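In what follows, a single structure is set out as structure tokens and then discussed.
Should a chain be cited, it is by its letter among A, B, C and D, assigned in written order, with residues numbered from 1 in that chain.
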Amino acid sequence: MNDKKKILIAGGDLRQIYCGKYFFKSSNKSERFDIYLAGFDDKYIPENMKKFSGNEIFDFIVFPVLPLKDDIYINTPFSKDKISVDEIKKCMNSNTVLFCGKPDKKFIDFFNENNVCDYMEREELNILNAVPTAEGAVYISIEEMPVTLKNSKILITGFGRIGKALADILKGFGSDVTIMTRSIESRAWAKVMNLKVCEKSDIDSSYNLIFNTAPAMIFDYEMLKKIGSDTILIDLASKPGGVDFKSAGELGVKAIWALGLPGKSAPITAGEIIAETIEGIIKERGDNEYD
Amino acid sequence: MNDKKKILIAGGDLRQIYCGKYFFKSSNKSERFDIYLAGFDDKYIPENMKKFSGNEIFDFIVFPVLPLKDDIYINTPFSKDKISVDEIKKCMNSNTVLFCGKPDKKFIDFFNENNVCDYMEREELNILNAVPTAEGAVYISIEEMPVTLKNSKILITGFGRIGKALADILKGFGSDVTIMTRSIESRAWAKVMNLKVCEKSDIDSSYNLIFNTAPAMIFDYEMLKKIGSDTILIDLASKPGGVDFKSAGELGVKAIWALGLPGKSAPITAGEIIAETIEGIIKERGDNEYD
Amino acid sequence: MNDKKKILIAGGDLRQIYCGKYFFKSSNKSERFDIYLAGFDDKYIPENMKKFSGNEIFDFIVFPVLPLKDDIYINTPFSKDKISVDEIKKCMNSNTVLFCGKPDKKFIDFFNENNVCDYMEREELNILNAVPTAEGAVYISIEEMPVTLKNSKILITGFGRIGKALADILKGFGSDVTIMTRSIESRAWAKVMNLKVCEKSDIDSSYNLIFNTAPAMIFDYEMLKKIGSDTILIDLASKPGGVDFKSAGELGVKAIWALGLPGKSAPITAGEIIAETIEGIIKERGDNEYD
Amino acid sequence: MNDKKKILIAGGDLRQIYCGKYFFKSSNKSERFDIYLAGFDDKYIPENMKKFSGNEIFDFIVFPVLPLKDDIYINTPFSKDKISVDEIKKCMNSNTVLFCGKPDKKFIDFFNENNVCDYMEREELNILNAVPTAEGAVYISIEEMPVTLKNSKILITGFGRIGKALADILKGFGSDVTIMTRSIESRAWAKVMNLKVCEKSDIDSSYNLIFNTAPAMIFDYEMLKKIGSDTILIDLASKPGGVDFKSAGELGVKAIWALGLPGKSAPITAGEIIAETIEGIIKERGDNEYD
């Protein structure tokens, strides 16, 4: 790996530019990259990166989360011009490795001869993304709550990545945090982390704030009635979520569905996490190559 | 102290109502109070409190922060009707103790025959208020910063009440926190709390975020030039503050002056802190009486 | 489950008595138990427990870790008299459930007609045991180190249960903690927990203290030479451990093998964890029965 | 301050040698020192320091805590030979500044023509020393308690330097910590730090462990009867302490008087704290000189 590898950032928003900046910084330390951008107007292109000309052959191409738009174009919200999938294809050979988030079937079909990695499927990305998600959740809580997080009674349903990251931050605030999880092991971990635990049947109206992180319909009509209208309920679970928002409306429960927090609350960090994950995959591939 | 004491909440906003609610809760435990409200429209009066009729004699009267409006009226933003100082005076005798925040000279003169306590002068109130201030500061930071608090390089200038409370919360986020203080003792405390310390001359452009808590003009033109336009600067010091905002504007430094955070970020908690402080003063007086 | 269940604590040390006490306390809340002790001299029997007479039939029998001694006797270090396996067998029927830790083949054969649960195999027990292990490890560190844990540079190799519990406590001390783990996911978790990460090849002589928690020979002759004789090395991995102690002796590296810490540093807690785990298993069985 | 200053470490134990080593490290960064040792056998003298010959004139001389032995000799436990005060006096001029800990009247009289600083009187030293004291206290607790610090109910009486440092570490263990202090401000701080507070009259037998840090006789016969014999009581207050040990013996309360913890639990850190304090004093003097 003595020569510089060519990497193309193809489309996306601020996050992808910071992804590129991460590669540039990293390039001075270990892996060495030449970084190109496609699908960004000139004003967005940092001085250390090159503009894609269409004549290069790339080792790696990084697409955004949801890489396609209108079926045959790359998703390029920061560009006046469109870039078609075919333009990108011209800059690839059979060794080019593609990275993207949540590709649809069309994308997979277009690039079926190449190695396509969905970085959003990587566990380490989802673990690291739990932090900007948790910080975004804290932001919403401070906004919504008329009391301090300190001394608030807070319930977190689910104790996976987001539940753990969030509980850790809330402990620093001095909140009184309880975890509801069905997993015996997760309950043991919650105790080790000095958190309270409860069962689903224990949930009542005593909480100032509830975060749902479990992708299961826990907060149905009956449960919403139990928690009452003095509790703020923030759903952090991805679709279909864990809250019956229609019933919440009827019952006067203040329920908020917070999606896409990493990109909203910390776009630079979100971009760097994508880059860090891709870098790890590249390293893994290299290690396997020479092991 | 066997009989119930009569306490009047005279004017103010939501905070004062929660102050009253705190007395009510507390009343079931130790001190016993009958709680009256003046200067609030009926819809704001909780069921456990009485409406002031003008015929009671009160043991204690609680005024809001900045108690007067238009010189002779009580500051009553939650009421359609006005209440004059004279109406309140009729419900006092020489033993009535008055509590208020930051009274002006007029207020002092009106009530010069009574014991007037400025609760905003009490150290314990200011210590407890550091928490809602710090939470409000965290809220602004998450809003302004494109990166997570975690791993951010943060400087806090000053290490008094707010600096300490803020540093404690930021440690829970995993921020890299440095304290700038001239006091040798404060530096030792910062080290004990596992924080970095630096001197004024060490401040540079390496910080993602700077909180000023010191009531001194630290961030003048020269210093603002040193920290540069990539740093976000949040001034938490009360007037006159510690930032030359005019120069900040010229130099393109993003500077935010955040005042009155406790009341904004957590009005219930802010009201409870006022109540807790007053309760402490009442207890102290009682202890002295019988000691 | 309306009737009281009969439970026998058969042999073991202080931990088993505290296991029984936990059942007694718990008995007042949910599950209801009559608790008997066998294999303890009278002076050890708490007033709320009964002495085993040989005439009862038990629903549950709890044996210690390593339940047998001399092949046919129960391991009873707190008793002058011996109890044979056959005496216990008389008090069982086919529904009796047996709990023990690390049974050998003989034990399994003796009780092959009954349901035998090895509580030491339960993940939740091992998670909870990580805490007394970590506290015991901290105890040894303070004893051995001529500097404070605060500001010490500490490496933890492995980031499983013990590594996580230990890192969490050391953060509270203000230590500078680095995690060495090969797992990409564990590295992501370590970052989320605000810890540094490194690779095996990065390990050098800069650490004041190293805890090994990985059951793999990481600290062989070459690695011990790298860490040098100024570092204290504490091996918390169960047999065969992760340190070449012979080479450590030759190279003058201070290496300590710390085994069985939960029972040593906190016998009451260790007994309660066994009880808590057994209670969970009993509950699980009950739930399944009626589900 | 361009020339190297001459500093003499005169007597003391390991702490003083580490004090010298700190000056040496520091010497490469800011202040520049030539470091000499007196009162240590040759084998203790590190390679970067010189042996005192009796012919130098020193700018600074550092004596140990309790600097004299047998009235006219320096306290030199690490030396076979004695050094008299007169030998030291020959190496001073009127500008030589002396540092020592807790000098007696004789010492003051001997050196009454020079500037003598008692570093043990400096607040920053006592703040920094709270950390090794707290770590030593944790060590004793783990040794004495049959349960984990996690989940233990712990009372700290007094909330000064040691109380704060100790509470901070115990929070990291997940202990349930209550502070008893008479100061209203300290109570407010304890709440900000997410600790419980109680009054003297609330102390009862519910604590697993009590640390006394207040230099006042709190634990007299009556109080010891209230806390009972199941609680472990560790007195960290310097003489005369806060526990009636005679009554504790009669009542069967396990009470431990832990003195001199910094030097015992972390001699290197204790020495570095002395050096850091002296360095601060020297810097202060220099600043004043040129300001």
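To be clear about the criterion, contacts are C-beta pairs under 8 Å (C-beta built on N, C-alpha and C of every residue); 3 or more make two chains touch, one makes a residue touch a chain.
This one's a predicted model, so the numbers in the text were calculated from it and none came from an experiment.
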With centres defined as the mean of Cα atoms, the chain at greatest distance from chain B is chain C
If you tally C-beta contacts across B-C and across A-C, the winner is A-C
Given over half shared residue numbers means same and under half means different, the chain A/chain B interface is same
Between chain B and chain C, the Cα-mean centres are separated in Å by 49
Taking each chain's centre as the mean of its CA atoms, chain A sits from chain C at a distance in Å of 37
Residue numbers in chain A touching two or more further chains are 131, 150, 168, 174
Contact graph of the chains (line, ring, star, complete, other): complete
So, in the complex, the side of chain C touching chain D is made of residues 14, 131-132, 135-136, 138-139, 142-143, 145-151, 168-169, 171-174, 265-269
Touching chain A in the complex, chain C uses residues 123-124, 127-128, 130-131, 161, 164-165, 168, 184-185, 187-189, 191-193, 280, 284
Touching chain D in the complex, chain A uses residues 150, 174, 194
